[in-house]
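Following are the structures in question.
Both complexes shown next keep chain A, but they swap its partner, so chain B is in the first and chain C is in the second.
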Partner chain A sequence: MMAALDAFLASYGNLVNLCLLNTLLAYGVWLALAANMFTLGTGGFMAVGAYCSVYLTMQLGAPFAVAVVAGGLLAAAVALVIGAPVLRLRGDYFMLATFAFTEVVRVIALNWDAVTGGAIGIYGIPRYTETWQLVLLVLIALYFVFALRRSYFGRSIAAIRQDDVMSEAMGVNVFGQRLSLFVASGFVSGGVGGLAAHLNFFVGPSDFGLLRSVDALAYPILGGVNALLGPLVGAIFTTLLPELLRFSSQWREILMGLLILTVVLFLPGGAMSLLSWRPRKAAARRPSTQGAE
Partner chain B sequence: MPAAQLELWQVAKRFQGVVAVDSVSLTATAGQVTALIGPNGSGKTTTMNMITGLYPTDAGHIRLDGVDIARLAPHKVAALGVARTFQNIRLLASETTLANVLLGAHRHQSASLLDVLFGLPAVKSSETREKARCEALLDLVGIAPLRDVAVGGLSYGDRRRVEIARALATKPRLLLLDEPAAGMNFAEKRALADLVLAIRDMGITVLLIEHDIEFVARVSDHIVVLNFGREIAAGTPEEVRRMPSVIEAYLGTEDA
Partner chain C sequence: MMHARLTRLLIAATAISLAAAPALAADVKLGIVQSTSGGSAALYGTMQKNGAELAAAEINASGKLGDLKLVPVHQDDAGDRGQTVNIFQRLINQDKVTVIFGPTLTTSAFAADPIANAAKVPVIASSNTAPGVPAIGEYIFRTSAPEAAVFPGVLAYAVKRYQPKTAAQIYGIDDVLMKAAYGVHKAALDKAGIKVVATETFQKGDVDYSAQLTKIKAANPDIIVVGGLAEETANIVRQARQLGIPQSTVFLGANAAISTKLNDLAGPAAQGFLVGSGWFIDFDTPANKAFVEAYKAKYGNAPDTFAAQAHAAVTIFADAVKRAGGVSDPAKLRAAIADTKDLETVLGPFSFDKDREPVLVAKVLELKDGKFQLAQ
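Take a look at the complex of A and B:
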């Protein structure tokens, strides 16, 4: 049994790790998306977390776990600082502003040679990230999202997503909840950045650009924002599909674009909504109470 | 929690040159039902949006028990005990009646985020308490059998009652109702009138926007009439009914 698992990991280990890492990232993005924040800041937060944690392990000799958490915390702090002004923007402008943030981080990474290695990046990063750690983190993320969704916070987040003006009038601190979620999303993205850096031996400024942000946003959208397993399904599907079909990277991008377009237009609930397709609840046709009076 | 007193003094609101509310002064006396009536576009909903903090005022004061609330964010106004319903019903269509009403109970939940994430018992007790309170409210407004039905499939009248239950779930001291009887049939309106009076008797001040004059006359202690963003008359139902300016501005246009 163990031998079979070892053999499987030997040939597919990289893909498994990538799936797990992207799943984690998908839940990080879900935190923002659940309150209607279409963030393109994910790449920027990953970069902050990645460079911070690599600096800590390689330059300061910090323990791996401490470095990853610190990377997440630094990204969360950055999210807190940019969140306050950016969250006052609506829809398109929020996307544009978070994209601009990712770009700014990329340009800083290109030029701050002492910490980021500039355009060349950083090579020879020790490989500390292990599959079991990623599995554990995915399970923790799943549990937290599960607990959050079924609590009254989950209820208010869903309400914010559907009608923020009404939610605010009902006493929900919409700005406060959005900011908390944005910061939490930054934390997870930063942590994933640190984990990714210690998995790949290398980080460079092009690792965490717009493309990374769009991919990360696509995971929960493709899988479904309303379902607990939506982000996981979206992340794994999106990670495996090009590998299975062995696309060139250009085709991959075209395919991803078409896929997102299709889902947004024809399946707004994401892939997971296919599972819950059933006849309209008979209850909806139940007579109203008006006759009872 | 005693009923709250609401006072508006020369409140105004403009939208890019369009004067929605020119200057409105009114008092919703604590423990009473005050009606705000007037023709379409006279600024009633805009006034309510300013009271609840959804629109910032351009001028004037809005005082709740003497405290100016005109600059407060909507959730802070709600926290002071102001709740409302919406003229264009704003419910979460795919959610059940109970889930919708529970949103109103949001600010009375006592479990913290850490309680939630680590599944501590405080979550369950807080949720059970609020659920029981919301179920009692469903009973009060007369939609208890619809507890687990998605609100998207409910009749107009029932959805309006879900909105009232949700507003009551915030434990208001002042309840603002924007055309609660719109789309209701005769029997539903009668039941709604009783409900409004019951809410008043619970010690909640009510400010009501409504076009149905019979309904207004039945439930109101005091009526304020708006036209073109100004109050043109105020008084008891009997007084207001007899005022020529009101008949001309409001009743006249409907009867003509």
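Take a look at the complex of A and C:
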């Protein structure tokens, strides 16, 4: 049994790691999405966490765990600083502002050679990230999100997602709650950045751009924001897809696009809404619960 | 149930990947990791895949390796680093390839090559030119000439022909290759005693360079050295002439600027443009002529530098297999590749230096009458 697992991990280890890493990231983004914050800042936070942790392990010789937590904390601090002004913006403007943040981080990474290695990036990073660590972290994230959804705080977030003006009127501190979620999201993304940097020997500025932010946003949305396992399903689905479609060679990108489009069109509540899917008639009689628990 | 369906899908996918041709005792599996989808990387990747597969077919047909048969296994990484690592792991541990040709992008190489190096599977790259790639480990080689191998020759030629005293530099600051090229250019200029009177930068996707070129014009350099890809370089050269920088101010370009696109976009403005390369299509040797013919016959279009470098990589590997007497001992095979000396390839006589970097005759090319020709 162990031998079979070893053989499997030798061939598919990186794929497993990427699935786990993206799942963690998906829960990080979920924290922001849970209060209707469509953040494109994920790439920026990941970059902050990645470069910070790599600097700590490679230049200062800090232990890996310390470096990852420090990367997460620095990203959280940055989230706090930019969150205060940015969270006063709504919808499209919030999205644009967080996108601008990711771009600023990318440009800094390109030009701050001493810390980031500039356009070339940093290579020869020691490999510290292990599969068991990622599994453990995903389990912790799952438990955390599970507990959060049942707490008073979780109920107030759900209220904010439904209608923030109404929640404010009911006495929910909308700004405070959003800010704390944004900071938590920054912390998780930064930590994932640190883990990712110590997985594949290399980081470069192009790793954490807009594309990364959009991918990260797609995981929970594809999987379903309202289900506990939604981000996990979305992240694993999106990560496995290019490998599963490998047989189709030139058609791969087209098929990937079509599949994702299908999910978005036919399962607007995410892939997890398949589980609560009912025949059309029954669904029509039910009051619309789109976006509710 | 979603779960059952997903499991079935997974099983089906695994079955498909396992159904790949079973290896015979005499098969030597070549992993070819080149991007054939995913943006501009696919352009370089497809050329290299073709070049490598052509070389493998030629070697099999020639019977040079006796009963050993080269079996190329191509995998597309779509220019995505995560996928490159996935593929490397699978090729090494599941397909049990003997060697890997690729990957297309330098960033992928930094992430994936250490895995092959640890598994003692030689990697021969044919498009990674940024510094530091073979330094990843003992098992990592490349046939793509880095800028440092070709530019000094170009500058020496320019010095002999034009006796420049001053130079201006302009380069792409957010591109790994161009930033590295800038360093190489600067070092060569300093060494030749040519004063750099202006240094300007641009970013990927820029199309208007008039601000930078106006400053360069004011500094009035004898030559201008561009660290840019073909499209950028073409725009820079064309706009420079439009701004009144005379034709007598010669442009020197980076290796990556070699493309027929340069002439298409810049037209007569690029007349006299100098660049160094490990290969060019009219390179007059029997090996290269046969390669260009065969490539055109098989794929219907002309090969480029990357196709030639990939072809050379497979040629080098096959020669090493012969000298090592088979592929059973990875250390012996690696040593045989490293010992490659003056091997006749489509790039001309080819050797590896002690850092596993290519040693080959740099060709100085001049853009003349719309074509890159050997500078006379």
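Rule of thumb we're sticking to: the second predicted complex is superposed on the first by the 257 of 293 C-alpha atoms of A that agree within 3 Å, B and C clash if a C-alpha of one lies under 4 Å from a C-alpha of the other, contacts with A are read in each partner's own complex, and residues count from 1 in each chain.
By definition in this document, contacts are C-beta pairs under 8 Å (C-beta built on N, C-alpha and C of every residue); 3 or more make two chains touch, one makes a residue touch a chain.
Being a predicted model, the structure only gives us computed values, none of them experimental.
When the two complexes are overlaid on their common chain A, residue A:S185 makes contact with neither chain B nor chain C. When the two structures are aligned on the shared chain, A:L110 is found in touch with chain C, with no touch to chain B. In the superposition on chain A, A:A147 contacts chain B only, with no contact to chain C.
Within the superposed three-chain model, A:T238 lies out of touch with both chain B and chain C [touch as defined at top]. Of the two partner chains placed by the overlay, only chain C lies in contact with A:A7; chain B stays clear of it. Contact with chain B, but none with chain C, is seen for A:A159 once the two complexes are overlaid on the shared chain.
Of the two partner chains, chain C is the only one touched by A:E253; chain B is not.
Once both structures are placed on chain A, no chain A residue is touched by chain B and, in the other complex, by chain C. Listed in rising order, the residues of chain C touching chain A in the complex are 2, 9-10, 13, 16-17, 36-38, 75-76, 78, 80-83, 85-86, 89-90, 93-94, 107, 110-112, 114, 130-132, 136, 173-176, 178-180. Contact residues of chain A toward chain C in the complex are 7, 10-15, 18, 110-111, 118-121, 123-124, 127, 200-202, 204-207, 242-244, 246-247, 249-250, 252-253, 271, 274-275.
Touching chain A in their complex are the following residues of chain B: 52-54, 73-75, 78-79, 83-84, 86, 90, 92, 95, 99, 102-107, 109, 111, 113, 116-119, 123, 126-127, 130, 142-146, 148-150, 152-155, 157-158, 166-167, 170, 185, 187-188, 190-191. The part of chain A that touches chain B in the complex is made up of residues 144, 147-148, 151-153, 155-156, 158-159, 162-163, 165-175, 180, 280-281, 283-286, 288-290, 292-293.
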